[in-house]
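Consider the two complexes below, in which subunit A is the common component and subunit B and subunit C are the respective partners.
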Partner chain A sequence: MAEPSDSPVAAAADPVTAKALEALQAALPDAVVDSVLTGQHPWIQVRAQDLRATCRLLRDDPALRYDCCHLISAVDFPAPTEGEPHIDVVYHLVSYVVRPEASYAKRAEKNDPFLAIKVSLPREKPEVPTVLDIWIGADWHERETWDLMGVRFTGRAELPRILLPEDWPGHPLRKDWEFPASYHGVPIIPPEGL
Partner chain B sequence: MSGGTPEGPGPDLGSGGEPAGAVEFHERQEAVGRDVRTEEMVFNMGPQHPATHGVLRVAVKTDGEYVRALQPHVGNIHRCAEKIGESVAFYQWIPYLDRMDYLAAMCNEHIGCMAIERLGGIEVPERAEYIRVIVAEIQRILSHLMAIGVYGLDLGAFTPFLHQFRERERGMDLLDHLSGGRLLYHYVRIGGVKRDFSQDWLDELEAFLSSVETRLPEYNTLLLHNRIFQARTFDVGIIDPAMAAAWGVTGPGLRAAGVDWDLRRDAPYSIYDRFDFEVPVGHSGIGGQVGDCFQRHWVRVREVEESLKIIRQALAQMPEGPVMGRVPKGFKPPAGEVYMRGENPRGELAVYMVSAGKSDKAWRARCRGPSFSNIACITEVAEGMLIADLVALIGSMDIVLGEVDR
Partner chain C sequence: MPDEHGMSMIPGESLLDPELQQSVILTKVQWVKDWGRRHALWPMAFGLACCAMEMMATAATKYDLDRFGAGVFRASPRQSDLMIVAGTLSHKMAPRLRRLWEQMPDPKYVIAMGACVIGGGPYSKFGYHVVQGVDLVVPVDVYLPGCPPRPEALIDAIRKLQFRIQERSGETLPDMPQGLPQDPTDEDGEETSAA
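== the complex of A and B ==
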């Protein structure tokens, strides 16, 4: 991960991303842990307990209006070069509405990048509050993240698996996941290289 | 499909000796509420149902012919694409991208290769960029032809399906002659494309383009302007802009909802900023309501015309030169991450890649399949619909289950 520059807001490639960080720092001064606004993948890391307030702000602020949770991913770091083992959950947000007039007409500028919000969770107990009620489309992404990476999303009624069967052992995208010897009596031969 | 009530008295609609057809619709509704004991039942549509476009199972709770609630169940053809993505070298992952959305393999390859190239800072020659755009737009035409034809099939119109498959077959031959594969190509590579166009192939392409151009209006007389088709799709399955954004519906579904947004025009990647084309957006002037099944179909038809324009412009502008850039042997990109979004026929494909550095494998290879979000939306849209309209709705979303399950 790159080091944050001295003034991330000034160096930001995209004005809306810079506005998002400014708004976050003004409304939730303790929420932002780290941020990199330069380069091809700008991101803001927030504390897990502030995630819902962050998301609400990003969705409802007239200058920001991130109205779509494009993708939720989780990345496993079992042995990082620095810090404790952790799992990062990354929320990629985009906006389809034209800011700030809230119309869906053709927009003037020819660039509208995403914003990535990161949350770092302890690896033994990765739990993060749900954003299902903020963007309904987060539902299946949260289920998939639980299914494949074992991140528990709290505050929602149920969290069933989505791609794998309910009784599948473990969460396969964890780096230390091992192939089970068999599943329902069918032996499993792991492919080479996996 | 059978969804009727198993028992209970027949509806007593003809009070006063009038035929049932003469009673207004809402009065009939009241009569049903008064006289007939209804019973909710849950049944499965799929996973082998032809109208679900693959192995999708939808558990539908019905009340007579009405859908009260539904839950799609996916994952039947989960092939661990993301697990494989972090277990094989970067270049080895490209064929797996093909197999996600197998109706838009060229577009998937294009976006996937661009993500890896951005990660490693690889330059692509000018001519290769043009070739990529041309093959991606051919793929978009083929994918939309499939969607248009099969949608007719869903709604009981068999003829347009057969006619459109004639054009689709020609297009698939075209890509076959270029890459050696009919459906899955592995033609776009990291740093460029596998081989250059030949003059014979360009002649073949010209014949294909002009045949699509002349035949498309004929297809529209069969489907788009067909009164029965319109009656089945007007005002059915309406998705408004806010709903589309909240659910993450992208592509033709988003544009039909009235959102004037296309990544190729509004956040141009590759060389899409060099072409002049329109973005069709649903509006009330074309019939039906903004965001209904008809408008989604109309957007696809219009996008075929726009793709033809883009291909013609690209052919005219295309420079000479190499088609493969310099890619280091044992390609190991520096540590970093990239989020590459691209406009696929079905919506926005996004590839999120994390590289730990000093490795020829991705640390994390994550894909956003547009169909995954598009199909999740039907849980909200289908409530209160007729079962027959549910078929129209699922068909209009144009999903590919290979991409939902990955």
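== the complex of A and C ==
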């Protein structure tokens, strides 16, 4: 992957994303923790308790209108170089109103980036309020994030697994997840040197 | 007359009077049963992933699996005697596969089609969700490597199975594998494990 400085997009901050950051800082002065506005995938990190207010603002602001939660993903940091072990949840947002280009390639062509909203959660008890009532499409993404990374989304009626069976041990995309010896009588040979 | 695979079409042929050979055929009931069985394999469509595309291509016009009597794909295990496990078998699917296999009437046969089914394939080492070989769940008659195998290879596997059925005519069924998976979603409380 190329360094951000090599990309022609990287030189200047994306105007819509900059507008989003401005609006956030005006409405929720303490919410924004960190941000990078350049590149094809600019991101803004907010505090977990301000996530819902942030998402509402980004969806409802007439100049921004982030009307689609494209993806929710999570990153596990069991031993970061600085700070406590944490799990980052990343919300990838798209506006089909302000920027109607649907495909990633066309967005890249026109320098229309996705916006990522990050929250950092303690690794022992990763809990974040749900955004299901803000974007209905977040439902399956939240279930997948719970299924594979063990992030608990609070405030929604139920949070079942989406891919793995209900009695599966643990959340397998955690870096410290261990292979069970067998599952329902079928033996599992764990990989060596993991 | 022995056929091209060295199998005598008529057991006890050489004992017959040459004139009698013109008018009388001697054979065993078991042999005839297996002859019919091997030329009328009814596969169960068990497509799990991309190998199923090749399985469909094999059954379609160009390769025409019906030429070998094995083109009648059934959607029900109760009507089929050959299970072509085509594609990646996950741990979530394994109890269902076992259960469908148990619902097939004897004698039944299994072809393990593709690298994933034989040993986990590309998911064998780090794929937490893939069973490392379908032979951990059901006994396998023919292993068919490839990723995915071409239709010619599947035809070859079915031919091999047909010869095997005739060669093993009258033998008892192979041993069951150890460690039978239990179906966790068995809601009606039926006993799902094999006796």
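Note that in this section the second predicted complex is superposed on the first by the 163 of 194 C-alpha atoms of A that agree within 3 Å, B and C clash if a C-alpha of one lies under 4 Å from a C-alpha of the other, contacts with A are read in each partner's own complex, and residues count from 1 in each chain.
Simple rule for what comes next: contacts are C-beta pairs under 8 Å (C-beta built on N, C-alpha and C of every residue); 3 or more make two chains touch, one makes a residue touch a chain.
All values reported here derive from a predicted model rather than from experimental measurement.
A.B. asks: Tell me which partner A:164 touches in the superposition: subunit B (first), subunit C (second), both or neither.
C.D. replies: Both partners, subunit B and subunit C.
A.B. asks: After the superposition on A, what does A:73 contact: first (subunit B), second (subunit C), both or neither?
C.D. replies: A:73: touches subunit B, not subunit C.
A.B. asks: For A:63, using the defined touch cut-off, is the partner it touches subunit B, subunit C, both, or neither? Pick first, second, both or neither.
C.D. replies: After superposition on chain A, A:63 lies in contact with neither partner.
A.B. asks: Between subunit B (first) and subunit C (second), which does A:187 come into contact with in this model arrangement: first, second, both, or neither?
C.D. replies: Second partner only, subunit C.
A.B. asks: Applying the document's definition of touching, compare subunit B and subunit C: which contacts more of subunit A?
C.D. replies: B
A.B. asks: By the touch definition at the top of the document, which applies to A:172: first (subunit B), second (subunit C), both, or neither?
C.D. replies: both
A.B. asks: Would you tell me the residues on subunit A in contact with subunit B in one complex that are also in contact with subunit C in the other?
C.D. replies: 163-165, 172, 194
A.B. asks: Show me the residue ranges of subunit B that touch subunit A in the complex, using the header's touch definition.
C.D. replies: Touch list, subunit B to subunit A: 74-75, 78, 80, 82-84, 86-88, 118, 241-242, 244-249, 254, 257-261, 265-268, 273, 279, 335-339, 341, 348, 350, 352, 354, 363-364, 366, 368, 372-373, 376-377, 380, 405-406.
A.B. asks: Flag every residue of subunit C that touches subunit A in the complex, lowest number first.
C.D. replies: So the residues of subunit C touching subunit A come out as 91-92, 94-95, 125-126, 128-129, 131-132, 136-137, 179-182, 184-185.
A.B. asks: In the complex, go through subunit A and note every residue touching subunit B.
C.D. replies: That would be residues 1-2, 39-41, 67-71, 73, 75-76, 90, 92, 94, 96-97, 104-107, 110-114, 116, 135-137, 139-140, 148, 161-165, 172-173, 193-194 of subunit A.
A.B. asks: What does subunit A use to touch subunit C in their complex?
C.D. replies: Where subunit A meets subunit C, its residues are 163-168, 172, 177, 179, 182-189, 191, 194.
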